[in-house]
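Input: one structure, supplied below.
Note that the chains are named A, B, C, D and E in the order they appear, and that numbering of residues resets to 1 at the start of each chain.
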Amino acid sequence: MARQRGGMKDTGAMAQPVIEARDLNLVFQTGDGPVQALKDVNLTIGQGDFVSFIGPSGCGKTTFLRCIAALEHPTSGVLKVNGMSPDEARRRRAYGYVFQAAGLYPWRTIAGNIRLPLEIMGFSRDEQEERVKNVLQLVDLDGFGKKFPWQLSGGMQQRASIARALAFDADILLMDEPFGALDEIVRDRLNEELLKLWARTGKTIGFVTHSIPEAVYLSTKIVVMSPRPGRISDVIESPLPRERPLEIRDSKEFIEIAHRVRDGLRAGHGDAM
Amino acid sequence: EDVTLQLKWVTQAQFAGYFVAKDKGFYEEEGLNVTILPGGPDVAPTQVIAGGGADVVVDWMPSALAAREKGLPLVNIAQPFKSSGMMLTCLKESGVESPEDFKGKTLGVWFGGNEYPFLNWMSKLGLKTDGTDVTVLKQGFNVDPLLQKQAACISTMTYNEYWQVIDAGISPDDLITFKYEDEGVATLEDGLYVMEENLKDPAFEEKMVKFVRASMKGWKYAEANPDEAAMIVLENDETGAQTETHQKRMMGEIAKLTAGSNGELDQTDYIRTVAALMSGGSDPVITKEPEGAWTHQITDKALQ
Amino acid sequence: MRSILPVLTVIAAICGIWYLAAVRMNATWVYDQAAREGREVMLVDLVAETLTQERPVLPAPHQVVKGLWDGVAGQKITSKRSLVYHGWVTLSATLLGFAMGSVAGILLAVGIVYNRAMDLSVMPWAIASQTIPILAIAPMIIVVLNSLGVTGILPKAIISAYLSFFPVVVGMVKGLRSPDAMQLDLLRTYSATGAQTFGKLRLPSSMPYLFASLKVGVAASLVGTIVGELPTGAVAGLGSRLLSGSYYGQTVQIWAALFAAAAVAAGLVGLIGWIERATLKRMGMVR
Amino acid sequence: MIGLAVQGALILAGFVLDLRLGLVLMLWFGAWTLNAGLAETQSGLARRIVPVIFGLAVLALWEMSVKMWAISPVILPAPSAIWAQITGSLPTLGADFVQTFVKGALSGYLLGCGAAVLTAVLIDRSPFLQRGLLPVGNFVAALPIVGIAPIMVMWFGFDWQSKAAVVVVMVFFPVLVNMVAGLKATDSMQRDLMATYSASYWQTLRKLRLPAAMPFLFNGLKIATTLALIGAIVAEFFGSPIVGMGFRITAEIGRLGLPMIWAEIAVAAVAGSAFYGLVALIEKRVTFWHPSQRH
Amino acid sequence: MARQRGGMKDTGAMAQPVIEARDLNLVFQTGDGPVQALKDVNLTIGQGDFVSFIGPSGCGKTTFLRCIAALEHPTSGVLKVNGMSPDEARRRRAYGYVFQAAGLYPWRTIAGNIRLPLEIMGFSRDEQEERVKNVLQLVDLDGFGKKFPWQLSGGMQQRASIARALAFDADILLMDEPFGALDEIVRDRLNEELLKLWARTGKTIGFVTHSIPEAVYLSTKIVVMSPRPGRISDVIESPLPRERPLEIRDSKEFIEIAHRVRDGLRAGHGDAM
């Protein structure tokens, strides 16, 4: 069913490639033998793209994001971030990474959590305060800086974790199912806000999700993946405008893209349950 | 000059001579600065001196000779105690009237080097101690086994544990005692021992001469003034557990044991002790005649 | 707070059982004495006599309380008969030993967490080390230390440290390993150094584990000190009170020393609990 | 690499100061480097021999140090002497082991743990008793229980019964506290599930709460193994028959029989580790389902 | 926005009411004072209904389900199950309850877990084996009976937990967000199977979800709830046919119902985030 198989060259040439993967392979050595998590992955992500990764559980979405962030190292193939190796890019602090769960440190206040990367990267005291303030405003959390994570609702925690990833102004924002644990209404709101933020900052965003509407609603480019071994089965350029009200989800284009994504997914899914 | 003395047991009138010598300034007069280390249930003076923790120790001759045979060359340099204060104390109701009655009974014994006189006596009586003839129990720190009737007899000292039994409310009429001295199995008790190689050092020898002289002066003073000596001991007791009556009574009994000694080791006593230890049947305490286990070198100079 | 009533009930029940047991266990002696004096014992006399013996097999609660009171308030606290004095001797060695043990435990844990070879080689032997009856060889250890010129409260403290380091190692290893992969990965995306990872993540997240094991460790180190005091010199400290009480058959003194030790233990554990609450509160980990 | 340089420098410094020190350092760092290398390999066998090498290195160092510095056997005997003693006095060691470990520690352990588990189940139904007993239990568990050893000897006589009694008291509270916590460890969803079946109290206990309590119980049981051995040996200080590991140690101190003492220590350490290992093995069998057993 | 406010009488009279709630109130006494979890709840569920409960976090969905299963007791009002009190009904083993997480006992095999309620209810050995076999087949897990829960994927565990609830043939199946943790494709599959099972057995099902499409796709009746205090803000009878292919989700009716649900939800949501 999948339109394109892994190994295809994707054609959406953008302004300037921020992330470039060529024939990427990653094999995990486990107790039960090797697991091929990524196979022949080719992908180019341009400056200012919003790229969603969707696919069944275990297809390698997280693994690919982790490769980009140099948390995992490909077994073969070339991966360049801003023309450098991911490790190099990491040393230049190119990434803001948002994990599936908020993952705030419970012993730090919200402000303290956001300050964490700033402390590590050696920003000055004043600069730290300045940035924490700005970024709290950005995610609509002014006044909550002194609270501890557990005093906030799940949605607020997730926003704080996004603020943490934004605080040091990385070029690339990598988000691994950031809204997985939230209910639909809250999710809608955060989706809207994320879009606004993206529009405002022009960051390049890599975004993993399980939800088809979410992927379609947010992205300029949707990467559909299939498991065993993890490969890209489809890359869909979204024809939707950059400005997207929630109602767009009932439009014909939206439903069409959603269908294409679902088909791609179902093909890849097979027996995997 | 510094001297460290390791006692065999806790601070009590048994060691009055040394405390008196220290308190009355006898050591100071000799130019000595003496540190007295109290002992305890499982402090083996032999091990302390082997580890270099003391210059001179108070110990009983059986354990000193046993250590010597094990390769730790201890030498007796003075013997303030003339006679033995050890005995077995039995409850009359247990049916023990003479040593013949020990068979089949449970007897309490101190271990940690103090068991040799007992083992020697039993082998002399022809009693096996492995449970076939008598059951031996390692006596703890107190006289409870007798009070609780866990043992027919327990080891006591004339000056200490015996009185604890009496204090616990058992009258002397209910007790039968067997003194080692009376049974002819007495061995020498509290003597002063040093390492053989140290004695070759004239400076050390000189120090010991002074030490023994002052200590014996202390002992004789304690014999003459038992109550004052007991009070001095009491003042030196860090645990605060000793009582005045008990220490005064103990001092009285101790005086009887030190009475016959001017500090010099009596050779006939020594020979008797060695003979007793070697006669232990299949499992003698020492197997061969010790050599150089004692010397008059110090006392000769100290007591001239 | 709501557990005060149940606790009091349980304590009352224990006291009740204790009194009954005291009458029963001390009765033999009363009967024996009476037989020796040739008189009869009435039930009333029996109760009265069993609860007022000077050397009871089991002293009655009020006797222990009186022993404690005499020991604490009945003397100048500098007196050698004062439980406060002996308690202080024990406490100081315990604190020193506990400090040494926890520092050693924490360092070892850091080593184990950061060094695979240490992880593999030290842990099994740390377990084995705790099965060595150090308590039984305490006197020997003290002699050996003496021969090395280590004297005073240090030998006791070393035994106490030996007993307290193990719970600290185990708890601290668990604690330092408690951050999940995601929390660690977060710092890797910042390219944080090892020291930063330790200071900003591993250490703070190990705190709850650390305090839990410090409580176990401080209790163990008190046991170590007391055992170190038991057979060696019997000079001062609650252990030597226990011993000399035992030596002279002063059961009341034994029990008083035991309860004084219990109070010290409770105080120490309580103190650590208090520090724990204060620390965790500052860290926002108490809800 | 820096580590290697530092080690080399230390060894050199050792040789300069004292030839023997240099040798000792060399052996130590040699074994350590070997271990560090082995630890990095993925092979399970290599990793299993790492602790063995560590132990052998310690023994070798001990032997070397005793020989080279001519340490008196009265202070610290060499491992070879201890081994000779062990092989030479197997019957004595065996008898002591039976007396102290089997009769004293093991029987007390079984009794104490059994009683604690029963008590936990019994008070489990009474929140009042739990709230009363647990603080008291925690308090008693923090007590220097060894202090009761003389009392137990007074009460239960000098033979193994008093040792077992000490062990019972020592292991009771840690196991009780763990077991009570374990019985509470079911999550509310699991309990609600039983409620939707209208399961009786005993059914819930048997099918849910006892299995769920096992990981906690074994925590307590493992702590209790070391306590049991310590308790049994220490209690022998305060009176014992003339057999037993604690007895032998105190008796031999007076005779300067240091190799014998260390032989007993070795037996205690091996027996204790084996006991701990056995309980850990049973734990693995019983709580095979727990995440900590699966990684 | 909500069409009907709590306190309304719902009109969809069914064959015979299995569950009837009248003026139900439930107040939790907490440390910070009382929390009204349910307020004036009126609802009738007929034999064979598939009722979904949807609403923002904390609106009392779980609480209501727990009241039905007699795990919680209302502070006031009347609740009847099959004409009896919920406690009575529970004693007659009227409920199969599926919790959000699979909640299998890790020390029992899959078969052992399914056997659990049978053991408790005193079925004979043979009967137990028989039923375990049948129900494993029903959820497509034959051959996995001897495995332990952690050896199965999340979706399989969830199916096992459904099998456990089915094994003893309760009249009423209560499911509290059973598919919350699964990815969309797996979820679709399980939804389809659940519908088939419902069609086959004619059970009455109460189903809590956060997903609007799921609620619309599955239910004959959708109960929209709003929080603080928890009340029913809308009850929507679905006009969709009982037979529902996945494609029905692109139909106009479907989208309309979904809209109505979303509006009801948004009204109730307000500031809650």
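Assume a contact is a pair of C-beta atoms (placed from the backbone, for glycine too) under 8 Å apart; a residue touches a chain by one contact, two chains touch by 3 or more.
Keep in mind that what you see is a predicted model, and the values were worked out from it rather than measured.
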**Separation of chain B from chain A in steps, with touching chains one step apart** = 2
**Asked** If you count the contact pairs for each chain pair, which pair has the most?
**Response** C-D
**Message:** Distance between chain D and chain E based on Cα centroids, please, to the nearest Å.
**Reply:** 51
**Request:** Round to the nearest whole Å and give the separation of the Cα centres of chain B and chain D.
**Result:** 38
**Asked** How many Å are there between the centre of chain B and the centre of chain E, using C-alpha atoms for each centre?
**Response** 86
**Message:** Nearest whole angstrom, what separates the Cα centre of chain A from the Cα centre of chain E?
**Reply:** 33
**Message:** Residues touching two or more other chains, restricted to chain C: which are they?
**Reply:** 57, 139-140, 144, 147, 231, 246
**Fill in**
Among chain D residues, those touching two or more other chains are 75, 150, 154, 236-238, 250, 253
**Set of all touching chain pairs, with the criterion as stated earlier** = A-C, A-E, B-C, B-D, C-D, D-E
**Message:** Which stretch or stretches of chain C touch chain B in the complex?
**Reply:** 29, 33, 36, 55, 57, 79-82, 85-86, 139-140, 143-144, 146-147, 231-236, 240-241, 243-250, 253
**Prompt:** Tell me, which parts of chain D touch chain E in their complex?
**Reply:** 189-190, 192-199, 203, 207-208, 211, 214, 287-291, 294
**Request:** Please name which positions on chain B make contact with chain D in the complex.
**Result:** 41-42, 44, 46-47, 50-51, 63, 66-67, 70-72, 109, 111-115, 129, 135-141, 144-145, 148, 150
**Asked** Inside the complex, what are the residues of chain B that reach chain C?
**Response** 10, 37-44, 47-48, 50-53, 140-144, 147-148, 164, 168-171, 174, 237-241
**chain D contact footprint on chain C (complex, rising order)** = 2-3, 5-11, 14, 25, 57-58, 115-117, 119-125, 127-133, 135-137, 139-140, 144, 147, 215, 219, 222-223, 226-227, 230-231, 242, 246, 251, 254-255, 257-258, 261-262, 265-266, 269
